Structures are given as structure tokens and as C-alpha cells.
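Next come two complexes built around subunit A: one with subunit B, the other with subunit C.
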Partner chain A sequence: MFASCADPKTLEGLNWLLCYLTTGKQVLFYQSFLTVLTLIAITAPIALAFGFGGALAARSHVAPLRWVGKGYTAMVRGVPDIVFFLFVPVALDQGLEWIRHKTLCPEWTAPVRQGSDFVVCAAAKLPLSSSPQSVHEIYGFVLAIIAFSVVFGAFAANVLYGAMQAVPQPQLETAEAYGMSRRQVSRRILIPQMWVYALPGLSNLWMILIKATPLLFLLGVADIVYWARELGSRKSAIYDFPHPDWRLWYFLVLLVFYLAMTKVSEVVLRRVTARLTRGQATMAGEAMRKAGA
Partner chain B sequence: MKKLILMTAVLALSAGVATAQTVRMGTEGAYPPYNFINDKGEVDGYERELGDKMCELAGLTCEWVTTDWDSIIPNLLSGNYDTIIAGMSITPERGEVVDFTQNYIPPAASAYVGLKADANIGGRVSAQVGTIQADYVAQSGATLLEFATLDDTVAAVKNGEADAVFADKDALLPFVAESMGEFVWAGEEVQLGGGVGMALRKTDTELRDKFDAVITTLKADGTINALITKWFGDEAVLF
Partner chain C sequence: MSCGQIILDYGLRSIGIGAQLMPRGEFTLCHQFTLIGSGLLWNVYFAALALTFGFFAATGLALAKSARSRWLRKPAEWFIFVFRGSPLFIQFFLAYEALVMLPRAGIDIFGLTIATSWLTKAWAGALIVLFLNTAAYSAEIFYGALMAVPKGDIEAADAYGMTGWTRFRRVLWPTMLRLAWPSYTNEAIFLFHATTLVFFSGFPSFQQKGDALYYAKFFADKTFNPFVPYPIAAFYFVCLTLALIGLFGWVNRRLNRHLPGARPRLRIRPQIIR
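And now, the complex of A and B:
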């Protein structure tokens, strides 16, 4: 990065460290923080939407819809994350490639599955083999977002389902007595009140999501833990900047990052909780009312 | 005339596409000096240099991809990349799933490293998961401790979790050389596997033949021997 860093062997002390901290590899480490933040920023709302849909489906009076909702949560919750992470992206990727293969290369007669190989024509590859590595990385990233959303959506669905059950029954009955339809009861009474019950569970999920990003590397997306391990491990003289095992320092950086994330999340969640508790028929809501009065 | 020009243009273009076939090379990036990620953040090492040479000779455009050692074969089979060039020893078990080219590193010794020369190599021995060394340790009767990367296997010896680490001698060499006496060779060297080769999908016979031919050429003109000496030192086994 700096001209003075051209020959690292001659550097010493602070200069060495400065040059070391600005190598291309270190910059990749810094960028991976952005990758992780982007991932959770995109995944959280999508997972919440999945969860919301799943919870509503699980409560539905239409039997097939209910089965879908229940089946979704039961299946995803029952399968280990790591299995799911290998399965969803690969299945999705192969499914898309298969469809493209069928439409783009109709003249191809060889079977797609040959032994353990999955073979599609070159034009059906997703992304194309010839596209630059950045496209492959973005594609992997998108697959990761989908996989994370499906997994965390299932957990969120169960949390929201529980929260919907926790809304006091008399509230719903009163609404019905006022002549509201089922849909109106859901929209006006159930959903506005359930969030406060869902929040503790959702905040747990959020914290787990923040720390689940090392699974990204299964999909070829390098996250902060991967880089910390890679950069921190002992570097022999084959590297420009040899150093002993520095994983402790790198993991300390991660520790600070995760603690900071936790702190920020706590502050935000406390505010959201306070906002959602206002006027609720819960102990906290009651306490708030009395304090205000 | 116009048509002719157009035709040649199309031909030239399609020929261009055909010759510039992109091959994605999958590697681990954590096994110096075979392959590692250098300070610029790029794949480097013996296999990088050899791979680039092979692609140049075969007229292929090569793109380097890194992945976990654990999932390196599944990712090949599902088509995320087209070759594995990651210090992978040729074994019959792997040969059932993937096809290997001829070896580009001759069968080399695996060795034990411990904190002292009489380290108990029948005790707890660490090895990288999914390697021929891990299989060997398991069969030797010692307690096998498996780790995801080579670094972790060596760290296990350092912190006392394992009595010795068992890995490719060439990969352990820098650890021993630079530890200033902390790490020493232990026990006897062992010959394992049929050398290191490039792995491809069984259906990719054309590409495999291409690389096979290129390796033959590079072996014949001494390029491979020169590269082995450059990356593994003067004592390395040559062809």
C-alpha cells in the first residue's frame, strides 16, 4: 500500500507493523467485517418475514397451509444447521442449473447425474465458469442469505407462533364480540400485541445470527473468523511478514467486535421493548402505565 | 463479401471462446509451501506456480478459488470448480470418487513431529482431517486427534494436547526449521500414497487428459523438478 512497504524484510518495529496491517490480506480481513454486517442486515428482515409467514401459516384454519407452516418449522429445526447449510445452497444451485440446462441445452443427451457428478452444459452453469470470481462470490453470498433466512426463519416462526399464542385470549374474544372478522382480529389485536412476547426470543435469534457467520465459509464466502484464523496462524519465512502464532490477538479483535455488536443490540432492543410495551396488558406495560400516571 | 467477413468474425469469436475456456482451480490456501494465501491475499505456492504454467501450456484461462479442505471434494463434484490442486495424495479411496491426473509431486515421506525426538508416536497423534495421514494414524493404533487445518494440528502439539503431529514432511519442514529447536522430528518417516495429483470430476476426461499431457511435458523438460527444488528445497524428492 505504501511505497516504503516494498521490501518488508528491511522494516522494523512500528513501520513493520504499519506495513503489515495494510497488506492486501489484511484489507480482505477488514472487508470481511462489512461482509458479515451486510449479511446479517439483509438476512434479519428476510428471516423475520419467513418466520411471520410460517407462524401465520401454522395458525391457519386451512389444513394444507397449516401443514406447510408446521412442517417448515419442524423440518428445519430438526436438522442440524451445518447439514442444512450444505444442503440448501447445493440443492438450490443444482436446481437452478438443472432448469437452465433443460432450457438452454435441449440438444444435450447425456444424463445430468453421472455417478456422484453433477454435469450440466457450460452455458447452464450458474454463474458461468468464465465470469469473474467476484460474481461467484456474490452468487455464493446470495445463496448464503437464502440459507440463513430459511434456517433462522424457521426458528423465528416458532418464536412468533408462541408469541401469538401468548396474547391473552380475552383480548381476542372481546374483539370478536365487537363483531370483528378473524382477519380483523389478527390484524388489529393479535399482531400488534404479540411482538412484545416475541421480542426476547427474537433477540436471542439475532444474537445467534451474528455469531453464525463462520458457516459462510462452507459456501466459499470468507468471513471474519476465517480471516482471523488464517492471518493469525504462524507464518513461516515463506510469507513477506513472518510472525509467530498471533491467533490470540486476532481473536481478541473478534471478541471486541462481538461484544460491541452485543452492546449495540442490547441498547436497541431495550428501546424497542420499551416502545412495544407501552399500553400492553403485561406486567411491564402495567408498570409503565403506573409510572406515567 | 460481407457475409464472408461476418462468417470469419463469428468463427474467430467462437474459436476465441473455445481456446479461452475458463477452468476454475480449487485449492485450500492453508498448506504452505504447496498452496497458501500470500500477503497480497492471493493464492501462492508451488501449486499456484505449477498450475499457472499448466494452464498457459494448455491454453486455458485459470481462475483460483479457495475452499475448506473438508468440503473440497463435494464442491468439485457439484461443479463449483473444475479441478482440485491442493496437495491431494492419490489414493484408491479418493480414486473411486474423483479422477486423478498423473502425479506432479513424487511419492514423498510423511513424518512425525513432536516436542522431543522420543515423543510417543503411539500415543495421541494429531493429523488433518480427511488426509491419508489421518487414516494412517487411525490404523497405527495411536489415538487420532483430527483438526481442520495443518496449523491446528501443529498447535495441538505445542499446547500439549497431542504428543506428535503426523503430516507431509515437506509441509512440516518450515515448522521444524523455524521453531529453533522446539519442534523436532520423531519416529521414522513413512511412505504414503502415490504422490500428489490433480483431481477432476470423473466425467471431465477431456480436461484430465489435457492436464495429464501437460504434466508429461513439464516433467520431461525439467520444469517440474525446478519448481520442486524452488519451493521444497534441495533435499526434496525429484522425478
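And now, the complex of A and C:
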């Protein structure tokens, strides 16, 4: 990066460290933090939408829809999430390839599962084997996002379902007495009011989402854990910047990163809670009103 | 090979009893059920020991956090923040790297050589991490419960002239446990599920002896078919989770047996990643 870094063997002390920290690989490490933040930024709204859909479905009056909703919320109970993180991407990948195989290669008669192999025609491969490396990486990342969204959507559905139940029943009955349809009651009374009840659960979920991001590593995405292991391992003298096993220090950096994320989230969520509580007919809202008066 | 023979060969494979080699070529349902079930022994081992030791550590930490002296309070607060604020996955990696750095030959203390190599094995190293982790999470739960102990209870204890240890053991502790139990049940389920992370983090599995998910992934990788091994693992976990809920429910009934009327029912909302 810097001109003075051209010959790393001659560097010493701080200069060496400065040059080391600005090598191409290190920059990839820094970028992987962005990968993690991107994952959180994309997953959170999608999971919230999934959860919203799941909670509404679980309250539906149409029985099959209700079963789907209840099944979705029950899915994550009792089974470790990592099972889903390992299962969903592979299952989704094979499912998509199978559909493409059926539509793109109708003349292919051999079974898709042959013994211990999953065989689809070349045109059905996802992504195509001819596509560049970046497409493969993005495809893996998208699968990871879907896996995270499905699992966290189920958590969010649990939380939102509980929040919808917590909205005082008389309010909904009053709305019905005013002649509102079910849909109107949901949209005008239920949904605006449920957020304050959902907030503790959702903020908990947010913390959990942050802490789940290192599992990206298990899904084969080059995330911060991957780079910490890659860069921290011992580099012998044939490398430009030889160093002993520094994985401990790299993981300490990750630890500090996550602790900082937790701390910042705590502060922000406290403010959001205070904002949403203002004027609510709850104990906390009442306490705020009295403190202000 | 009959299913009985497979169970004999692989039923205790995860702890090194039975067949040395992993199955090859044929992966029947019986193979998958047996090996994944044998891996479950590790999950139960980690969860049982970490919860047992963690329970006592958590009580101590909760007391330290509620202590008046800042020398007790601050370290407890920091311990809880560090372990609750960071992912368990990272804690595993960090612990493994730290334990590997210990001198291979052992540490000399006053002529005694203390071996360290066993610490890098999953059975000890991962157990320590899980223990510290659940201690921190449970301590937060217990602390909350301790703060919620009714003032009247403490005043009554004072009126009876109870102090210190007696007051804690007879009044504070039972009430704290009673209040904390529903959340603590969730924490236990949560920790049980977290044990599946062990062999996917830094800790290597020795001679392919791993936990349930380790074997499930083994089959999924070998057969390219995730639709069989993962549901099997999920089935096992659901069964054991229900057993855990039953056990904790029994304790809950016992803790609340003196209360008239409706006992607080356990609300199970498990499954959260740490």
C-alpha cells in the first residue's frame, strides 16, 4: 500500500506493523466485517417480515394457514438452530437444482439421487460451473441470508405472536363495536399498539442475531472468523510478513468487536424503548409521565 | 449387516467403544440413527456437567453482583458482560487458541509438574467454556430474581434474627430459585442446544469421536442428502428437550409446593443462539 512497504524484510518495529496491517489480505479481513454488518442489515428486516407473516398466519381464521403459522413458530423450539443453519442452505440448493433440472433437462431420465450422489444436468447447476468465482461467493452468501432469515423469522414470529396477544382485548372489541372489519381492526388497532409489547423480545432477538453471525463461517462464507484463522495462523519465513501463531490476538479483536456491538446496541435499544414507551398505558409509560410532570 | 450388529458396533462409537472405522459405502437408516444417537452422549455429557457446575458458580456470581463492595461487584459485572456480550462460537475459538498456547510439557509449580495437554481436548476445554458461559447467563437470571425477592420476606427473616448464611439459605435462596426457575429452564435448554457447537468450533474431534450434529454432518456430507440425518438429529433433540422440560418442571413443582392455588406454570420459550 505504502511505497515504504515495498521490501518488508528490511522493516522493523512500528513500520513493520503498519505495513503488515495494510497488506491486501488484511484489507480483506477488514472488509469481512462489512460482510457481517451486511448480513445483519439484510437479515433483520427480512426476518421481521417473515416473523410478521408467521404471526399473522398463526392468528388466522383459515385453518390451513393457521397450521402453517403455528408450525413455523414451533419449528425452532426443541431443535438447535445450528441444525437449521446446516440444513437450510443444502436443502435449498438441492431443491432449486432439482426444479431447474426438471424444467431445463426434461430428456434426462436417470434418477437425481444415485446412491450417495446428487446428480443434475450441467445446465441445472447453481451457480453454473462456468460462472466466475464472485457469483459462487454471492450465491453462498444469499443462501446464508435465507437460512438466517428463516430461523430468525421463526423467532420473531414467536415474539410478535406474543405481542399481538398482549394488546388489551377490550380495545379490539371496542374497534369491532365501531363496525370495523377484522382487517381494519388489525391494521388500525392491533398492529400500531403491539410494538411496545414486542420490543423487549425483539431487542433480545437483535442481540442474538448479532451473536449468531460467526456461524456464517460454518456456512462456508469467508467471514471474520475465516479470516481470523487464515491470517492468524503461523506464517513461516517464506511469507512477506512472517509471524508466530497470532490467532489468539485475532480472536481477541473479534471478541472486542462483538462486545462493542453489544454495548452500542444496548444504548440504542434503551433509547428506542424510551421513545416507544412514551404515552403508552403501561407501567413504564406511567412512570415516565410522572417523572416528567 | 443386521441392525443389532450395527448398534453393537456403533452404539458407543462416540466414546471410543466398538468399531474403529466409520461406516463406508452403505449408510442405512440404522447406521444413521445409531451413530447420531451415540454422538448424543457428548451433548448430554457437556450439558449435564456444565449445568451442574454452572449452577453453583452462577449463584456465587449473582451474590457477588448484588454485593455492596465494588471489589466484588465490578469483576462479577465484567465477567457477565464479557460472556453474555460475545458469541459462544468466538469464545470457543478464543479458549482453544489460549489453551493451545500453554506450554506442552506442563507448568512447573514448586517442583510439581501440572500437565496441560488435556485442557486442549474437547471434553475438558469445551466443558470449561460452556461452564463459564452458562454461569454468566444463569448469574444474570439469578441476579434478576434476587432483586425481585419480596422485601417482606427479608424483613421477616430479620425479625426472626436470621443473619448471613442462615438467612440466605433459608429465605433468600429458595425464593430466588423459585422466581428464577422458569427463565433458568430456558437457559438450560438453550445451553443443551449450544453443546452442538463444540465440534464445529476450534476443538478438533479425536478419531472422529464427535457429538450428534458432528455425525449428522458426516452423513450429510457423505450421502449428499441432508433430508435424512438432520431430521434424525432434530428428532433426538426434541425428545431430549422434552425430557429436560419434564425434569425442570418437576423441580419447579417442588420449589413451589408450599404456594396455595395456581402454581406459576413454566413458560417454555427456548431456542436462542448465544
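We take it that the second predicted complex is superposed on the first by the 272 of 293 C-alpha atoms of A that agree within 3 Å, B and C clash if a C-alpha of one lies under 4 Å from a C-alpha of the other, contacts with A are read in each partner's own complex, and residues count from 1 in each chain.
One rule holds for everything that comes next: a contact is a pair of C-beta atoms (placed from the backbone, for glycine too) under 8 Å apart; a residue touches a chain by one contact, two chains touch by 3 or more.
All of these numbers come straight from a predicted model, not from anything done at the bench.
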Clash or fit: subunit B against subunit C, after overlaying the two structures on subunit A? clash
Going by the contact rule set out at the top, does A:158 touch subunit B (first), subunit C (second), both, or neither? second
Which of subunit B and subunit C A:212 touches, first, second, both or neither: second
If we overlay the two complexes on their shared chain A, which of subunit B and subunit C does A:116 touch? Say first, second, both or neither. both
I'd like to know which partner A:81 touches here: subunit B for first, subunit C for second, both or neither. second
Of the two partner chains, subunit B (first) and subunit C (second), which one does A:248 touch, if any: first, second, both, or neither? second
Could you tell me if A:97 is touching subunit B, subunit C, both of them or neither one (first, second, both, neither)? first
Can A:146 be said to touch subunit B (first), subunit C (second), both, or neither? neither
According to the stated criteria, A:236 is in contact with first (subunit B), second (subunit C), both, or neither; which is it? first
With both complexes superposed on chain A, which partner does A:259 reach: first (subunit B), second (subunit C), both or neither? second
Superposition clash, subunit C versus subunit B, among 26-34, 44-52, 62-70 or 116-124: 116-124
The intersection of the subunit A residues contacting subunit B with those contacting subunit C is 86, 90, 94, 116-118, 217-218, 229, 245
With touch defined as at the start, can you tell me which subunit B residues reach subunit A in the complex? 20-24, 29-30, 32-33, 36-42, 45, 61, 63-68, 71, 74-75, 77-80, 82, 97, 149, 151, 154-155, 158, 174-175, 177-178, 201-203
Using the touch rule from the top, collect the residues of subunit A that touch subunit B in their complex. 8, 23-25, 27-28, 86, 90, 93-94, 97, 114-120, 125, 129-130, 132-133, 136, 217-218, 220, 222, 229-230, 233-234, 236-242, 245
Subunit A residues touching subunit C - in the complex, by the definition given at the top: 76-83, 86-87, 90-91, 94, 113, 116-118, 155, 158, 204, 208, 210-215, 217-218, 225, 228-229, 232, 245, 247-248, 251-252, 254-255, 258-259, 262-263
Which residues, counting only subunit C, touch subunit A once they are in their complex? 27, 81-82, 84-91, 93-94, 97-98, 100-101, 193-194, 196-197, 200, 213, 216-217, 220, 222-227, 230, 233-234, 237-238, 241-242, 268-274
